[in-house]
Structures are given as structure tokens and as C-alpha cells.
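What follows is a single structure, and I will ask about it in a moment.
For clarity, chains are labelled A, B, C, D and E in written order, and residue numbers in each chain start from 1.
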Amino acid sequence: MILAKVVGTLVSSQKEQSMDGLKFLILQQVDLSGQANGGFVVAADAVQAGVGEMVLYASGSSARQTVMTDKKPCDAVVMAIVDQWEVDGDTKYKKGLDD
Amino acid sequence: MILAKVVGTLVSSQKEQSMDGLKFLILQQVDLSGQANGGFVVAADAVQAGVGEMVLYASGSSARQTVMTDKKPCDAVVMAIVDQWEVDGDTKYKKGLDD
Amino acid sequence: MILAKVVGTLVSSQKEQSMDGLKFLILQQVDLSGQANGGFVVAADAVQAGVGEMVLYASGSSARQTVMTDKKPCDAVVMAIVDQWEVDGDTKYKKGLDD
Amino acid sequence: MILAKVVGTLVSSQKEQSMDGLKFLILQQVDLSGQANGGFVVAADAVQAGVGEMVLYASGSSARQTVMTDKKPCDAVVMAIVDQWEVDGDTKYKKGLDD
Amino acid sequence: MILAKVVGTLVSSQKEQSMDGLKFLILQQVDLSGQANGGFVVAADAVQAGVGEMVLYASGSSARQTVMTDKKPCDAVVMAIVDQWEVDGDTKYKKGLDD
């Protein structure tokens, strides 16, 4: 999974019918300090994530292994909202502190 | 999914038989300002997108999860035409305004 | 799918048995002008493409969705020979003219 | 599979329900000398790997082929802890010596 | 498939149980001249390849379409040992000559 921050939303009215009801989130990849780094991707939301939250997203066929994305033409899904992470014993991000 | 602009079309008469009837679109990836950025890809069209439109495309096995691409050797599909997107609360693209 | 030119062939006698009879083509990725750009890949041939032809190839599990590659350890397949493509209304490539 | 070092852990309480009980590891890719090189990824742990260990991870649908990740929205899994590797006959890494 | 040279081997005793008996090879990607170029990957061996040999490997779900890797958390497999390849009519590599 890739670590990213939800930075926006996207709206589409004309789409493959099975995508109806899915929310599209714009994700900015971040580094282990939580800073923007790398590209962005548009992902379906399986966990009611909001703008500003740090999340994990899964890509490829794994993006269809959620209740909301099963059998849909979706190749990226936010499947976890991140509470915190540690690197080499140091807390690098803790939700609520670094937002 | 990846954000892209439809910039062209491609024709092939000699192809895997199951691909008959699919339309190939040439997509240019764009950044969050809607400007060309990154590479291009050729995708099948599942939503009757036209040249000049901003779209989302899905890759890999997810590209086969549409009525038009099911069980076909297709690894990229346009599955949504984009109406608008917002980043950090600002509307960055709105169909009809920025075209 | 990715646009590429067939630039060569590859022979292997010792391989997974299911690959017997498949032809391996060496593909050079090209840009929208048809010029070599980016990397190369080795793909199975599903459409009897020849050296010098512009083709599309599909990657990943989609590369197994042809009659010739079904259930085989093949992650790239040439599934279309390109006749022509247009970008922003201009014909950028037409088979027979640009070869 | 990709060679990486476990450098941290990540916690998420709000996630796709099927992910409950999986441990998330932060992996730093390494080169053949075992030095950090390239990006990082967050992977599920299928082999009880610990911080500091050299591991292999598998991506994509293959990341779901473990007892712990089957049918889950998981696109990267640690499926082996590395004991040692050799390049051109030289031992480049041996667990316990280079940690 | 990607062209690579087998440059080493890797040993893991603690791994997903289904991986028992598979041999891990370290592969260095090569260019069309057979010279090291690009990254490396660790792949399972389906064709009894040895260090120094030029091979093709398949990635993703296609890496599980061999007798040895079926249903295993393996995302890269050596599925062919290369005898020779030609580019634009010139033999660029022939086994036994260039090793």
C-alpha cells in the first residue's frame, strides 16, 4: 500500500454505471515525514476518508477487494485511514498532532 | 485512477478479434492544474468520451471490469468523464470553463 | 495499451512448457510522433506482427486474454497492429507512409 | 519480489473490515549491498517480520496469495525473511552479520 | 516480459509456507546489448536457470501461471532461458558466444 494525503475530491456524472455512488478522492503521495512527495492518484473511497487525512491506498486488482469496489473498474482504493506511523522507533506521524 | 485528457484516436484493423468494436483513445496524463504532465497511454473507451475531454482511466485487470472490455486484452479503459475537481477547497477544473 | 514498434525477435528453447509455439517480439516504446522513446519490452505475438510495424501491447493479466496467451506466464502481448493515429486532429502516423 | 528492509510500523483503526488483525510494516527498498535505495512501501506482514530485518515483498494480486491476505484489499505483502544473498559468487548479505 | 541476467541467488528459511521448494534468483535487467541497465528484481525460478544466463521474467499475476508458482505469493518468475535475440536484423546476443 502507498501512503498518501487526501487533498481533494473529483466529480464525474458520465461514467461506467457500476461506479455510481462511489466517491472519488484525490490523493497526494507523501514521504515518511508526511510531506508531499511523488505523484498523485484518484482513488475510490472505501472508508469515508476526508480531505486532510493521511491514508493508505491499494492499487490494481486489490483495489476491488472491498465491499464498495467489488467487480468495478476501479484500480485504486483508500482502504485505511492512518492513525500513526513509526520509523526506527520514532513516531513520525500521529493523527491530530500533525494535521 | 489516473487523470488524463483525451488528445487523439487510434485505428487498428488487424487485432485480437475480441477487440472488434472497441474505440481506442489516446490519453495525455495531466497534473492537478489540468496541464499536460507525464506520459500518454492508449485506452479503450467505455463512456463515449471525446477528444478534448478530461477523463479518468483505470489500468490493469480493473480495465476489464466494464461491459465493453470484459475478458478482452485491454489494460486501460476510460471509465469516467470528469465534471470537476477540487484541491484544498479550490476548484481546479470545471468542465466547460477550462476546455 | 502502450504504443510501440516491433524492432526484433527473441528465441528461447528452454522455457515453461505452456509457452511453446508463442513468438517473442522485442518492442521499442515510441512517442506520439512514432519516434523511439522510453524502454523496451519482450511481448508474445497474438496478431502476427512483423519487425517494423507499429503495434499496441497490453500488459499484466490483460496480456493473457488472447487465444494464444490464455493461462500462460506471459505479461505482455501484442494485440493490435496500428493503422494510424491522430492527435488534436492531425494524422501523426499512417501505416505505409511513415514506415 | 523486491528486496527491502523493515524500517517501521503503521497503525490504522479505521479501515476496510477485512484488514482487521493484519500488521502493517513500512519497508525501505534496498540495493544489492543492502543499502537504502529507491522508495518505500507499506506492506502487510505474513511472516512475523520485525523492524531491522531484510525481507522480500510481493506486490499486486500476488500479495493476496497468503493465508493472512486472501481476498483482502492488500497490494503488498512481506512473504519471506531473507537469510542471505549472493551476487556473482560473493555473499553480499548474511543475517546476523550485517544487521 | 523483461530481459535480464541471472546474477545471484537468495535464501530464505522463514517464509510463507507455499513458497517452500522454490528457488529465488536475483536478476539484473539488461538492455538490448545485454549490458546491465535498470534495476534488479528477485524472481522464482521455473526453468532451472543458472547464474550468468540471460532470461525472460514475467511479473504480476502472470508470474503465477507456471507449474511451480501456481497460487503462491510470487510476483516475478523466470519462465524462459534466452538462446538469442535480434534487433533490426542483427544478432545482438547468442548464448555461448556472449557469456
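A few remarks follow.
One rule holds for everything that comes next: contacts are C-beta pairs under 8 Å (C-beta built on N, C-alpha and C of every residue); 3 or more make two chains touch, one makes a residue touch a chain.
Everything numeric here is computed off the predicted structure, so don't read it as measured data.
Rotation angle, chain B onto chain C, C-alpha superposition: 70 degrees, expressed as a multiple of 5.
Inter-chain spacing, taken between the CA centroids of chain A and chain E, is 33 Å. Rounded to whole angstrom, the centroid-to-centroid distance between chain A and chain D, based on C-alpha atoms, equals 21 Å.
Counting partner chains per residue, chain D has residues 60-61, 63-64 touching two or more of them. If you sketch which chains touch which, the chains form one closed loop in which each chain touches exactly two neighbours. Listing every chain once round the ring, from chain B with chain C next, yields B, C, E, D, A.
For chain B in complex with chain C, the touching residues are 7-16, 18-19, 24, 26, 39-43, 51, 59-61, 63-64, 71-76. Partner chain E is touched in their complex by these residues of chain D: 1-3, 31-32, 38, 46-48, 56, 58-67, 69, 77, 79-89, 92.
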